[in-house]
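Note that subunit A is present in both complexes that follow, paired respectively with subunit B and with subunit C.
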Partner chain A sequence: MAPAAAAAAQPAPPSLSLPPSQFARLQPHAYLLAHLSPPPSSNQPSIRANGRAPSQFRVTSANTGSLTHTNGSAVVRLGDTTAVCGVRAEILHTEDIASWSVSRPTPASSSPTGNKRRKLTDSTAKLSAESENKEEDGDDESQIQDFSLLVPNLSLSTGCAPGFIPGAPPSALAQSLSHQILTLLHSTRLVRAEDLRIWYQPPNLGPEELERHNENEQMDVDAPQGEVDLEKNKEIKAFWVLYIDIMIISLAGNPFDAAWAAVLAALRDTKLARAWWDVDNEMVVCSDAVSEARKLSLRGLPISSTFCVFEADAASGWRAVVIPDAEEEKELDDSTRKGIQRRWVLADPDGYEEGLSQERICVVVDKEQDGKGKTVIMKLEKNGGWAVDTKELKTLVDISAQRWEDLKQILEQC
Partner chain B sequence: MTDRRRINGPPSGTRPAVFAASLNSASNIATGRPQRQRQPNELRKIFLKTGLIPSASGSSYLEYEPSASLAAARSSPKCLIPPSSALKLACTVHGPKPLPRSATFSPNLVLTTHVKYAPFAARKRKGHIRDASERDLGVHLETALRGVIVAERWPKSGLDITITILEAEDDRWWGDAPDSHDAPWGIMNVLAGCITAASAAISDARIDCLDLIAGGVAAIVADESEDVEAKPKLMLDTDPAEHRVILSACVVAYMPARDEITEIWLKGDSSKALLGTDYKRSGHEALLDGAVDAARGAHSVLAEAVRESAVRFAGLAPGGGVMQ
Partner chain C sequence: MVGPTASLTPLSRADGSASYQCPSTGSNILGSVNAPIELPGRRDALRPEDATVEVFVKPGTAPGGVGERYVEGIIKNMLTKLILGREKGYARRGVVITLAIVGGESVGRGDSYLTLLPALLHTALLALLSASVPLSMTFSATVLAVDASGKITREPSPKEAATATSLHVFAFSSNGHLLLSESQGPFEFKTWENVHQRALAICHGTLARSSDGDVAMAEDVDGQPLEGALREVVEDKIHLDYAWKIDAP
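Then we have the complex of A and B:
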């Protein structure tokens, strides 16, 4: 009673209307719906509560190489969502891999076949180059996966949002995001295994050298043979393991896009030192010269775009999932023709919109030949509803392709 | 026992890269220890900004200016081993929020501090689970802050302060043998940064405080020099990578307006240090005064950051003329 009396005593009685921010909190669904479908009399365009058009992404910025103790690092801001990614390279010796000698035939037995292949490619280089490439690619994938050379981990317990308790084990969301990043790294085959291998070339032993010195005239004939010998002895001594750690510093919806963009930018920034097997110390030693370090050569530039579906029916989340029959379809089509939209596909949802939608679509696309070729879908994930059909998915892929162009520019500038 | 909630690397573990330069000591001298370019009482520049994390009730981001050697290494990279590092951390404050039902009654605000290094923050890769030094930092931070917050204004509520360290200070120069410095000195600079950043974030969350609290570090160092006679010197805001021997270091949490200290952490032996004849005080007094001076320096940055936060808040406030 007392506060009411006090309010009444005030000169200006409080109005019954609520400020928008409070309305947004009390009636989130109605608030967003009112923005998306304004009354026809008001002549207002249909925009989202955050002022974006339905297919508009948030302002994105990226910055790389700012962290000192990493091989590559990036900060990506997607509106209010911020992801920091650091890539640290460590060394995995093949002698530490339990299955190394089992899974891989010993160098002595494997190299003859390897040589044969090499010789073949020499003779019919152009023809078989492609097939060999494919062969090596297959090898690639299995080594990166078998020895888990890529270790992405995403952390949400940084105080990024009120729900996540710091110090607690990673939440289900964090675990699922880490795993999605891992599978995407594997399935896009972004990192080449060849970049991660550290080779060792044992020197030719004395007697052979001497012999060759004696028959100096035959050097030209011998030389290719010698090279083949060298190839035969070449062996992998170690691998680089890339620890890719992503800290979501601030979370305001759509963590996956931000995290993946950060991973991509950090991997593009990653430099690996030149490393060799030091026989005397029996370890891998790196050179600290920047001029000798090399960047990773990534395969393509897969870029992810996330969408969510907002339905006008507030109870859509409770409704039993029934695929509409022909009549209902017709009805839906009619309503859209009349201009009464009942669902909206929103690109790059923020935290507020994510909380109001059930259905989510994630599209990862790449473009061949550095943007000049055709668009390739690397991953397509859709869950939580049946609203988006083939036709709409096609438009979403087109929007993602557009997004690819934009993000490519941003990543290239940083 | 592997962590099944995270993606683990190879089961046999991996080894950090070993650089050829650190194997043979001759080339150490070639690259050389980074030199301090600042005056003994000159602090590094601090970048402090509030409100970068909108989902939190208060937040701040703090970054130290890279030392001269690091800045040079960044602009013209030659060596892959960074000469030193500069502190970068993000702090968020969530609350005040009601305590869970299961919690016992508390007439005061319950403060929880949590400090975590990112795995890539230090020269040696950190684990995902907090280790003892991180918990220790959290406790130090909590004692520093508890004296500032007016806790009885929020009974039955909790306040969570989370700090993520993206880049930490080095404990020693990388070229020194691992046992050449007896204590992890870098953690003291990190604590000073945590205190300053947390104070900014708490003010940004509009929690009532007695005063702004700033952290400062001072150390007594014996520098590399030709003559053995050289006296140990008092330096403010030391970067441990730049000094060969740190005899003693001290970090304080200091409230300038009230001239009060809520936290002192002094490490090393300061009694033996014979400062020059112009120092009439004993070693640890000089050290404390130095740390307080450093905190005063940090306070000016802090005050500016909090002022910015207040301006932003005034602009956003519902009564600020947006409505009606």
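Then we have the complex of A and C:
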């Protein structure tokens, strides 16, 4: 190379070449572009500056049950982005809900659903029941949203990245991430309202005992009848409220995927104590036996994947003349794109790549029947540019479906 | 289908403003734009060659919360790409867009902003045009709801949106690019493609290319395409403002 030859000729010349790290800081766009489109003579493959292929995600690891004071917790690492999530359950008495007496469901309509679900133990039966129950429990599921039973909060003020000062008020990014997690929890209906209800079953003392005294042999026939009566008198006395706190302790791009994976892992880990209404003390009492605590039964496993678009032309967007019509652009294939028309869709962008791209795509997918069914999209978000259209989105949904398989394994192993 | 109504420059002190009503979703938005203005504090470190776009959304009945931050982020990300922030006089200055939700159903905690998003985007666009902020292209947006039977409802009312299985917001540029797509709720990609087609027809009409390469917007079941409706609002306003010149003999 020329600078090396010059150094050999003169004893101490000022170095004219820059180390790669300085080049990356001074000319970030040119640095990433040089990696993605190497000159044909160099025989190097097109690769991102961080060494990944365009559709490759970072190494992901998850660990659950790390925090002892929570009902469920998880640490998820996505490369250098780390999210810690803790789920704390607190009891909300129905007396404390202002709108409870107005919105209270009739016991007859709510209890059969609960009864049916309790009998189902294996997961296959639960899935088939879910499709049956979809219509009838739709009304009950609204309790989660109506009474704010899920309270996620995401904090970035931990010194996770140089731009975020520790102890500062929540930034706009942190607030919008909290909101995205909340809407996704609501729209995927991940947590079942039935898991969060604390019931009171009044003992049926009067007529049943009389019957038993009179005709002993008929007791077996009458017992189910009595059970149905009991079910009718059941009453919701309190709810569990889940406070889902997420701390991003290290931020190197793509906070949403890390935070959502942490929420998912923590909710899968969450155990709620057995709780019941004590009539004599008029309060909710919890059992401290770990064996009696039960896990939440979540609906599906929605996994999010984020992508960003890196454009070769740093000035596209403000140079109005170069924007072609959508029709013309569709005729351009990826292989025929040359020079400044080239663009790359990068999966799981790190902080460096996020700073260089504006167009973001976020896809949340789930697969029916535990991975064997078809892919269902829970959320699809794209804004900030026009590089990605129908065709590109279709490939991104396929990549996300692949990612679902990978992350499912990681979450099941932890 | 009753189309949206809009008026340009209802506010006299802002650089540009617009009010927008969508009868089917019931939203009523008032927006103002101030540009270019000097922003407090040094923002040179962020992007010295570009203008800073700031968006504020004020909900109608409640104080602003996390939902507003989220929708502000979406609008800002989309408009930053369209505003020619490097034009003369715009670099290192600010474009401040304020959108107030004046009427219609307010959005509760954890609800999606999707039903309001097209109205907010249209108001922002008209206010930017009214303030003569240079844009690389204009756009039109719509929201569609898909119910359990697969029926697509255009611009659903809040009640319809609550019962829908999935909600989709699309924004298309005047050149036909897909600028924004926000969808939520369980759906398959095929459904998305159908909704995308319908949204394109609502925004641009069924495109008919004439021999000289001009694209004509035709009317169909969805009535006048949104792109044309927005264009007419601006044309009417210009006609009114220049009446003294046009009508002069």
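Just so it is clear, the second predicted complex is superposed on the first by the 334 of 414 C-alpha atoms of A that agree within 3 Å, B and C clash if a C-alpha of one lies under 4 Å from a C-alpha of the other, contacts with A are read in each partner's own complex, and residues count from 1 in each chain.
Heads up, the rule we're going with is that contacts are C-beta pairs under 8 Å (C-beta built on N, C-alpha and C of every residue); 3 or more make two chains touch, one makes a residue touch a chain.
Just so you know, these numbers come straight off a predicted model, no measurement behind them.
When both complexes are overlaid on chain A, the residue A:Asp370 reaches neither subunit B nor subunit C. In the superposition on chain A, A:Val388 contacts subunit C only, with no contact to subunit B. In the superposed model, B is the one of subunit B and subunit C that contacts more residues of subunit A. When both complexes are overlaid on chain A, the residue A:Ser187 reaches subunit C alone and has no touch with subunit B.
Shared-chain residue A:Asp80: touches subunit B; no touch with subunit C. Applying the stated contact rule after C-alpha superposition, one finds that A:Pro169 touches subunit B and leaves subunit C untouched.
After overlaying the two complexes on the shared chain, residue contacts for A:Val290 are found with subunit B alone; subunit C is out of touch. The interface of subunit A with subunit B overlaps its interface with subunit C at residues 148, 175, 178-179, 182. The residues of subunit B lying in touch with subunit A in their complex are 5-21, 23, 52-56, 59, 70, 77-82, 85-86, 88, 90-94, 97, 114, 116, 118-123, 125, 128, 130, 160-164, 166-167, 318, 322-324. Contact residues on subunit A toward subunit B in their complex (touch as defined above): 15, 19, 21, 66-70, 73, 80, 82, 84, 86-93, 96-98, 147-149, 151-153, 155, 157-162, 166-167, 169-170, 175, 178-179, 182, 241, 243, 245, 247, 249-252, 271, 273, 275, 281, 283-291, 293, 351.
Subunit C contributes residues 50, 65-67, 69-70, 72-74, 77-78, 80-82, 84-87, 109-112, 136-137, 173, 175-189, 192-193, 196 to its touches with subunit A in the complex. Against subunit C, the residues of subunit A that register as touching in their complex are 145, 148, 150, 172-173, 175-176, 178-180, 182-188, 317-318, 320, 323-327, 329, 358-360, 366, 374-386, 388-390, 393-394, 397.
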